[in-house]
Amino acid sequence: MAELTHLDPRGNARMVDVGAKQETERVAIARAEVRMRPETLALIQSGGVPKGDVIGVARVAGIMAAKRTGELIPLCHPLPITQASVDFAFDEAGGRVLIESRVSTVGRTGVEMEALTACSVAALTIYDMAKAVDKGMVVGEIRLVKKTGGKSGTYVRPGEEVE
Amino acid sequence: MAELTHLDPRGNARMVDVGAKQETERVAIARAEVRMRPETLALIQSGGVPKGDVIGVARVAGIMAAKRTGELIPLCHPLPITQASVDFAFDEAGGRVLIESRVSTVGRTGVEMEALTACSVAALTIYDMAKAVDKGMVVGEIRLVKKTGGKSGTYVRPGEEVE
Amino acid sequence: MAELTHLDPRGNARMVDVGAKQETERVAIARAEVRMRPETLALIQSGGVPKGDVIGVARVAGIMAAKRTGELIPLCHPLPITQASVDFAFDEAGGRVLIESRVSTVGRTGVEMEALTACSVAALTIYDMAKAVDKGMVVGEIRLVKKTGGKSGTYVRPGEEVE
Amino acid sequence: MAELTHLDPRGNARMVDVGAKQETERVAIARAEVRMRPETLALIQSGGVPKGDVIGVARVAGIMAAKRTGELIPLCHPLPITQASVDFAFDEAGGRVLIESRVSTVGRTGVEMEALTACSVAALTIYDMAKAVDKGMVVGEIRLVKKTGGKSGTYVRPGEEVE
Amino acid sequence: MAELTHLDPRGNARMVDVGAKQETERVAIARAEVRMRPETLALIQSGGVPKGDVIGVARVAGIMAAKRTGELIPLCHPLPITQASVDFAFDEAGGRVLIESRVSTVGRTGVEMEALTACSVAALTIYDMAKAVDKGMVVGEIRLVKKTGGKSGTYVRPGEEVE
Amino acid sequence: MAELTHLDPRGNARMVDVGAKQETERVAIARAEVRMRPETLALIQSGGVPKGDVIGVARVAGIMAAKRTGELIPLCHPLPITQASVDFAFDEAGGRVLIESRVSTVGRTGVEMEALTACSVAALTIYDMAKAVDKGMVVGEIRLVKKTGGKSGTYVRPGEEVE
C-alpha cells in the first residue's frame, strides 16, 4: 500500500533518510499563473514603466526563494542547487502571467520543492507589486511539470508541453 | 491613472514609504487549495497515520512562513505580526484540501502578503509530504478573501463567504 | 482550568493574538550552565589562548540568536528587541560555565523565549568550540529567572538571586 | 597538549578547515529533557487537547532548527543533512518530557551540533507552548549520546543506553 | 571621554538599551561605488543586454539586505523599516557605478547600518554578476552621507551634496 | 565577445548552471579596510576596553556572513564552505583597520563572493560598534586578492602581496 514516507511507522513527522541514495543530476520544472484583470496585466507589461521591472523583481524573488526552500518546507532536505531560472510569459486574452521555473542540483534528492517554491514566490511577488491596483488577483495552478534524475526517473505531467 | 506604487517615477523598484501611515489594527484572511487524487486525500486524512499529522506539519509551516514574508517578497515591509493561524478542511468529493489563513498586526501596513504566504507554504508542505504517492497534485486558488484596517479600509472578495 | 493558549479550542496550534495587549517595557532574564571536565574549563579560561575568546564568541552567538528567536520557535511572536546582553561566570569547583542573558523590548508580548534562546545558543557555542577535547559536556538548567512587564507582572523564580 | 581547534595559534576564532577530510556517513544522537510540574505534563499529554499537538509542533521545530544550525553556531560548518528526526517520551513519575534527536549527513564533518540544536529548540518550543501555565519549567541535560563516522570514529556517552 | 557604547564597562559586547528612546522618524542615506574597467562598465550599461538588468538585480539585493541588517551585524537592533530604495548612476569617465541607498523607519534607533548594508550588498551583487569578465573590480567608499531623526539630530557628511 | 554569464541570451537574470563543473578545492582571499580618525582607531585598539573585543565581534560577524552569502547575493550559488577566517591589522599612521578574509570549499563553484562578503560585514560591524564616536568612517577597497581552484585557475590581483 502507498504510504507517506515523511511519517514514521508511528505516524510522526520526520525528514526521511536519503544518505544511501546516489548523487545524480536532478532537474525539476514547475509552472504557475497569476490571473488578473486585463488592465492590471497591461500595467505590468508596459503601463508607463520600463518593460520588465515587475517581472524582473519577481524573477529575482523566485530564484532567491529556491535557495531557501529547505528553511520553509519543514521536512524538505536542504541542498546546494546548481542552477535556477524563472521565466514569464503573458496571456493577454486570458489575463494571466504565466510562470515557469527550472532548478537543478547534483544531489541525493530532487528539487521539485525548490522549483515549486520559486514559482510560488515569484507569483506572490507579482501580487505584492500590483495589489494596490487589483486585490482580486489569484495565484494558481502551481504544479510540477517535469522532473529528471534519481531512482524514480523521469516524470512528465500528462498534458503538459515541456522541452 | 492607476499606477504601480512599488515602482518609482522612473520605473525602478522601491519599498514604498509607509512612515506617515497610522498604526492601526490590520487583519488579512487568505485561502488556497491543494487538488489531488481521492486516494491521496484519504491517505492524508486517515491512511494508517495519526489523524492530522500532515495537516499539523503544514499548519506550523504556514505560521512560520507568515513571520518570514518580508524576507521572501522583495518590496514587502517587514512587520511584527501579532496573530497567525492556519486552518484546513477536506473536500472529499472534489479531492481537495482547503486552506485558510488569518494574520493580524498593529502596524503601518497590511498583512495581505503574510496571509497569502502562509497559505502558499502550508499548501507546498502538503505537496512535499504527499508527493511520493502523487506528483500530480496542484496548488491553486491562492487569494485574499478579506482585509480590514488601514486607509483603504475593508475589502471582501466578491462571492466569498467569510466571517 | 488551566489551558494551553497556543492551542485553539480544537487543539490546533496557533500564534495567539496579542494585538489588544498594551505596549509596555518588558525584560526577561534567563540562566543556563555548561558542565564539563575541570581541564576543559581551564582550557576555556586560559589554556594558552587569549582570555575570553571562547566566551566572546559565545556571547555574540547568544545575542544574535535572541534576535532570531521568532524564526526558531514556531508560535513565538516576532518582536524588535531593544536590548540584549549575555554574561558568563566560571565555577571552577563545579566544572561549570554559568550563563546569564538579559533581553528587553517595548512591545505587546514578553521576551522570555528570547532570553532562553540566547542562553541556549551561547551554551551550544561553548560546546561546539570545546567538543574536540570533551564530548561529554552537558548543557543544562536553562531556566527563566525573572521577567517584568506585561499584564502578568513580575515573576522571580523561587530560590534564585537576581538583581 | 589538548587545544581548542576553533582558535588559531594566536587565539582568534576561526572555522577550522575540513576540506581535506573524507566524505563519510555521519550520524549523531542527542538527548534533552524538560522538567515541569506533573499537572503541566498531564496537560501536554492529554489535557483536553488532541494527543500530541504540543509534541507535534516541538518535533517540527527541532527538525527545522537542525537545518539552520550553521546559521546559529558561529564556527559550525554548514552542511546539507540527509536525515533528521526528533522523538519524545513522557516520564510521569519524574515530571519530565524526554527528547531524543537523530541527525545524519554524508559529509566532511559531523552533525553533533545539529542533533544538539534540534533537542534544544524542541525543548524550548515545549517551554513556549506551556509557559502560560508553568513558568518554572527547566530545560536540561542536553547532551550528545552517540556519534558515528569520521576520523575520530564512534563515541557513546558512558552510562547511556542507545541503539 | 568618548567610549564605545557597544561594550559594557568591562569591555564585553552588548546590544545597548534603546528602550527609553523616543520613537521618531529616522532616515539614513548612504553611498558607495564599484570601480571597474571601462569595458566592464559599458557591458553593464548596455552590452547586448536589456538596459538595467544588472542594476535591477543589484537594486533588489540591496533593498532585501536592508531588511536583514539586524541578522548580519551582531549588535545592531532589529527594526521594521518603513521605506527603502537604492539608486545607481554611471561615471563613464571614472569607470564607476555610483550607488545611493535611502532607508527610513519610525523607531527608537537609527537606520544607518541598514543604509550602509543596502549599499554594500548592492555593490557586491554587481561584482558577482560581472566577475566573470573583470575580477579586478573594487567596492569602495561605503559611507554614511546623511542621517536625520533621533536625539543626536541631523548629520551631513562634510563635502557631500545631498538633498 | 565578453558577456555577463548571469544573464541569459535574452538578458534575464539567472543562476548559471554549474552542475557539469568538477568538484575541486577552491580558496578565495579578499581584503578591505575601514578608514577612521586616529582617536577612533586608538579607542578600538585599546581605549579602556579589553584588547580585541571590537575586533573579536567583527571577526565572528564576518565568518557568519560568509556562510549566508548565498542568501544575500541573488544569483550566487549556495555552497557548504569548509573553512573561513578573518584577520585584522592596524595601520595607525593611516588611521585604518585592515581586514583579510580567507574562505575555502570543495565544490563546483568558487568562494570569491563569500570572501568578499565576510570582509564587507566585518567592516560594517566595526562601523556599527564605533559609529557613536565617529560617523565619518569609510569602508573601502573591498577586493579579491587571490583565488585558486576551478577551471579558470589561479588569480592574483596585480600589486597585491599574498601568501
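The letters A, B, C, D, E and F name the chains in turn, as written, and every chain counts its residues from 1.
The working rule: a contact is a pair of C-beta atoms (placed from the backbone, for glycine too) under 8 Å apart; a residue touches a chain by one contact, two chains touch by 3 or more.
Computed from a predicted model, the values in this text were never measured in an experiment.
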Number of steps on the shortest touching-chain route linking chain D and chain E: 2
Intersection of the contact lists for chain C and chain D: B, F
Result of counting contacting C-beta pairs for E-F and D-F, higher pair: E-F
Taking each chain's C-alpha mean as its centre, the one farthest from chain C: A
Rotational angle, Cα trace of chain A fitted to chain D, multiple of 5°: 120
Greatest separation from chain D - chain, by CA centre: E
Chain A and chain F: spacing of chain centres that average the CA atoms, whole Å: 32
Cα-centroid distance, chain B relative to chain F, in whole angstrom: 37
Chain C residues counted as touching two or more neighbouring chains: 12-13, 50, 53, 56-57, 60-61, 64, 68, 71, 74-75, 80
Complete list of chain pairs which touch one another: A-B, A-D, A-E, A-F, B-C, B-D, B-E, C-D, C-E, C-F, D-F, E-F
Footprint of chain D on chain C - complex, ascending: 1-7, 10-13, 39, 43-44, 47-50, 53-54, 56-57, 60-61, 64-65, 68, 71-76, 112-113, 116-117, 120-121, 123-125, 127-133, 135-144, 147, 155, 157-158
Chain A-touching residues of chain D, taken from the complex the two chains share: 25, 56, 59-60, 63-64, 67-68, 80-85, 87, 104-106
Chain A to chain D touching residues, read off their complex: 8, 12-19, 70-71, 74-75, 77-80, 107-108
Touching residues on chain D, where the partner in the complex is chain B: 50-53, 56-57, 60-61, 64
